[in-house]
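Before we start, here is the structure in question, set down as structure tokens.
Should a chain be cited, it is by its letter among A, B, C, D and E, assigned in written order, with residues numbered from 1 in that chain.
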Amino acid sequence: MSFDIDLTLRRGNRTIAARIASHARLVALFGPSGAGKTSVLDMVAGLVRPDAGRIAVGGALLFDSAQAVNLPPERRACGYVFQDLRLFPHRSVAQNLRYGERLAPPERRFMGLDEVAGFLGIGHLLDRRPRSLSGGEAQRVAIGRALLAGPRFLLLDEPVSSLDAARREEILAVIARIRDELGLPILYVTHDERELARLGAEVVAIGG
Amino acid sequence: MSFDIDLTLRRGNRTIAARIASHARLVALFGPSGAGKTSVLDMVAGLVRPDAGRIAVGGALLFDSAQAVNLPPERRACGYVFQDLRLFPHRSVAQNLRYGERLAPPERRFMGLDEVAGFLGIGHLLDRRPRSLSGGEAQRVAIGRALLAGPRFLLLDEPVSSLDAARREEILAVIARIRDELGLPILYVTHDERELARLGAEVVAIGG
Amino acid sequence: MLTAGEWQIVALSLKVSAVAVGLTLPLAFALAWVLARARLPGKVLLDAAVHLPLVVPPVVTGWLLLLAFGANGPIGGWLERVLGVTVLFRWTGAALASAVMALPLMVRAIRLSLEAVDPRLEAAARTLGAGPWRAFATITLPLALPGVLAGLVLGFARSLGEFGATITFVSNIPGETQTLPLAIYAALQMPGGESTVARLAGISVLLSLVALVASEMLARRSGKGAHVL
Amino acid sequence: MLTAGEWQIVALSLKVSAVAVGLTLPLAFALAWVLARARLPGKVLLDAAVHLPLVVPPVVTGWLLLLAFGANGPIGGWLERVLGVTVLFRWTGAALASAVMALPLMVRAIRLSLEAVDPRLEAAARTLGAGPWRAFATITLPLALPGVLAGLVLGFARSLGEFGATITFVSNIPGETQTLPLAIYAALQMPGGESTVARLAGISVLLSLVALVASEMLARRSGKGAHVL
Amino acid sequence: PAPFTPAARADASRAPVVLAAASLQESLGAAADAWARHGHPRPVISFAASSALARQVEAGAPADLFVSADEAWMDYLAQRRLVRPETRLALLTNRLVLVAPAGSPVRLSIGPRMALGAALGSGRLAVADPDSVPAGRYAREALTRLGAWPQVARRLARGENVRAALALVARGEAPLGIVYATDARAEPRVRVVGTFPPASHAPISYPLARLARSANPEGEAFRRYLLSPEARALFRRFGFGTR
């Protein structure tokens, strides 16, 4: 199974619950704003600890409250594009892109900096600091950083929300290729049904 | 004229130029990521000074390099929803919403906190700090804050990019109403043609 | 527990430190702001001037204060002639000495926090109708609060411990300028004074502990969360 | 310009201050980190302990160091027995005294900067494969650089000006423990020593100016830009 | 330099280490220079407050001689068997004087019922702190015996040491001050108004002793030199009395 997820988390005075059991390579989380989509990705990434449950992705067990399994984020290898991007402000774009690449074992890397910079259209930005990037430029750098880290699966939180149609299509094509050719499981958050259609995603509703 | 804008700005090694002369109430800036849309809004808001040009909105002259006119931001009264939101982290949601409202002269206010919280669906978040909001929740608070400041015109930088379809439609309806009933000029940035269609916007291409 | 004389010393120390820190705060803030934000030539010299009381031994600072604020000094003479005021041998002089010694610590702490405030938030406040001053007061200032509190604590602690500049400038006058450190020093000079030293030093520590706890509580109440969304 | 003896004093002061600040930095950083991030009971007491050298008059700090590091003291006795080393009357003792006095300033500055680092950036580094230590070294540490630099400058300046603890702890031994402030004090004791005082104080100020400029340049080179996008 | 090697320690110990009250800075420094001119290693002298020096001795600091500003701190060390009793003696004596700024017209004869309070006008009397500094203690004792203490007890400017008090008078910030004769003599900006009768206070003496842990023969040699006619003459040039 690509995703075998069952978890609950109390946030403020509501409970976020998610059940995803799917063989689909690309599962989209769909739900209204504030439903808990980002929270689910944070839990899968290992940044937020669920109150209870179990998380397995691509056959690897990442978390299980019953068995007291809880891999730290760096051992989950998750290629996370954050909704709030989180580029490192003290590093150039190139250094941001290379941050995870240098830490990944060579056999896990599947793309080089040039290829990434090419389809993301960020080759001319490599020497810049994140602060001076436009919204869409920063979003593309965040995508590149996650892909270059040689992840075992991807967590994409509205990864193309700030991009124009042409660029969006190009990036979605790459994401589809990563799914199909490399077989990486992908959890995808979006509010745009056209993206879902384009990717042929299996849709899981969160909250409501 | 709603918008009479003609300006240029050097950014890094490129020049951003925009000419907008339109009677339309709602003008959409359309262009690829990094084209300079946000930069244009920043100049209209008075946050970035153009190298040269002229900015008049709704008949009021805000900037003219030839006449050495350059109103400070607080006298332009512009209802700006930032692409990066910029909620005040040390203030609750309610205090964020009220920040501009308390500074606006009563005759310019056209909406109350309750109405805004209602159609934005943020009434339950009023006591929270911005840091704990989800992406879409924060975006809605930013919209509310701009509307409550009793602006003379609106600058909306991808204001509904993180919102689900239902909520998006509701907010776009309010924006259309503000344009039609109050006659506020609106500069609108988006990558989504459906939003443009929904709002019947006049489209101005930026950069490319 | 404490003798009446010791209580008097404690009260005086508190008064001197509180006045020193309270009056220095606006100046420290202004200096921090200039150093963090303003572009002006020779800023490094201003920065260096602020650090002076840290670099120069306290007794030299006290001596320079004496030269400046003594009855025959340029400032002291003017104060006496024009306002009929003298700070020499007065608790106000002790507060002045403490203030000078605390200044660099306060400026640095506040400056660090000011530099960490995101100017984009001030820009947002401006678009919402706030003039530069209001944006400063409602956005910059509260976001720099951790630095202001740290500056207050450092300054207060430094004032409580200030010895060299005070005794050199305003000498050691019981009831007027004899703060805790001066009393401690006197006790330390005498064979067998160790128990008095320990008791008075313990009080100093207690006072600073109270200031520390108060500042932590204030910081917590203000919600910290200085991060930008 | 300076006599040979004065050069020796300057060199000694530089050595003492540099060693004091250099060796204290890791400890100051660790303490700042614990105070900024760790959850542990009685943190306020640790915080207060760090502030002690600020609150207690320097001569008392020197006296306590003497008690601890003297030949009969708990630490000094051990050092002497086990390592055959003593810091009494040695420049190493002067460095120790300076380090203790500089510690609270360094801790506060570093802590302020650490508290301003957005933990979400560390989380991002973790997802990219960095363990906690690497995330700390590559993200937290460089983002806290303004505080580290401020701490270094404050600590260095404080060390250059340290007098009371040093003379009480390691005495005033020319060539070994007589740093600039002690030499200045000696000159101040001599009628007519004002010109020596002025010259030596000028050198102190110059040294700290150099440190200041160096730190500003480092800060600029590292690009500041500590704001989160 | 490798300060911790035993060789370096042994080498450094050739010059004796002398701990001396700060007020002896000029005179004892001159004596050390003279001694060095005789071909001896110049003694290393640490000038600081007697209290600090005594505590350092108690803590085991490696030194050879101690010259205290008063008997109390020497007694303190003697009680703890940290000095060699047979080497202790009063090296120097001093007198207490009333000083005024050089240009001051004030006249006052020191004796019973002296009008010290009136002479001060609205100013303060600069003294070393009577609660902690020897010079101040002598001043209080003398004024008390002469009946002038009640007039000035609440009008003192207490300096951290006698030189601080002297500076206040020299700067004209205090109209009168009480200092040692040696200090007054070294400061041209003050004038001696009068000298306190020796009977009005305990004898002012600077005791010298060799420390118990001193192993350096140069220490004893320098101690003997300090008692020599040559050294005595030198100290007298600075205004001290000798025995």
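By our rule, a residue touches a chain if its C-beta (ideal position, glycine included) is under 8 Å from a C-beta of that chain, and two chains touch if they have at least 3 such contacts.
Being a predicted model, the structure only gives us computed values, none of them experimental.
Each step here moves to a touching chain, and the least such steps from subunit A to subunit E number 2.
Under the contact definition stated at the top, the chains bordering both subunit D and subunit E are C.
Each chain's centre was taken as the mean of its CA atoms, and the one lying most distant from subunit A is E. Per-chain Cα centroids separate subunit A from subunit C by 50 Å. Averaging C-alpha coordinates per chain places the centre of subunit C 35 Å away from that of subunit E.
Distance from the subunit C centre to the subunit D centre is 20 Å, each centre being the mean of its Cα atoms. Once the centre of each chain is set as its mean CA position, subunit B and subunit E turn out to be 78 Å apart. Across the assembly, subunit A contributes 84, 133 as residues in contact with two or more other chains.
Contacts with at least two other chains are made by residues 59, 63, 120, 188, 226-229 of subunit D.
Across the assembly, subunit E contributes 49 as residues in contact with two or more other chains. Inter-chain contacts occur between A-B, A-D, B-C, C-D, C-E, D-E. Looking at the complex, you find that subunit C touches subunit D at residues 44, 47-48, 51-52, 54-60, 63, 104-105, 108-109, 111-113, 115-116, 118, 120, 146-147, 150, 153-154, 157-158, 160-164, 180-181, 184-185, 188, 197, 201, 204-205, 207-209, 212-213, 216, 224, 226-228. Residue ranges of subunit D in contact with subunit A, taken from their complex: 120-121, 123-132, 134, 138-139, 142-143, 145, 222-223, 225-229. Residues of subunit B touching subunit C in their complex: 45-47, 72-74, 76-80, 82, 84-90, 99-100, 103-104, 129-131, 133, 138, 145-146, 149. Subunit B contributes residues 12, 31-34, 37-38, 83-84, 121, 128, 132-137, 139-140, 157-158, 161-168, 191-193 to its touches with subunit A in the complex.
Within the complex, the subunit C residues that touch subunit E are 59, 63, 66-67, 70-72, 88-89, 164, 167-168, 171-173, 185-191.
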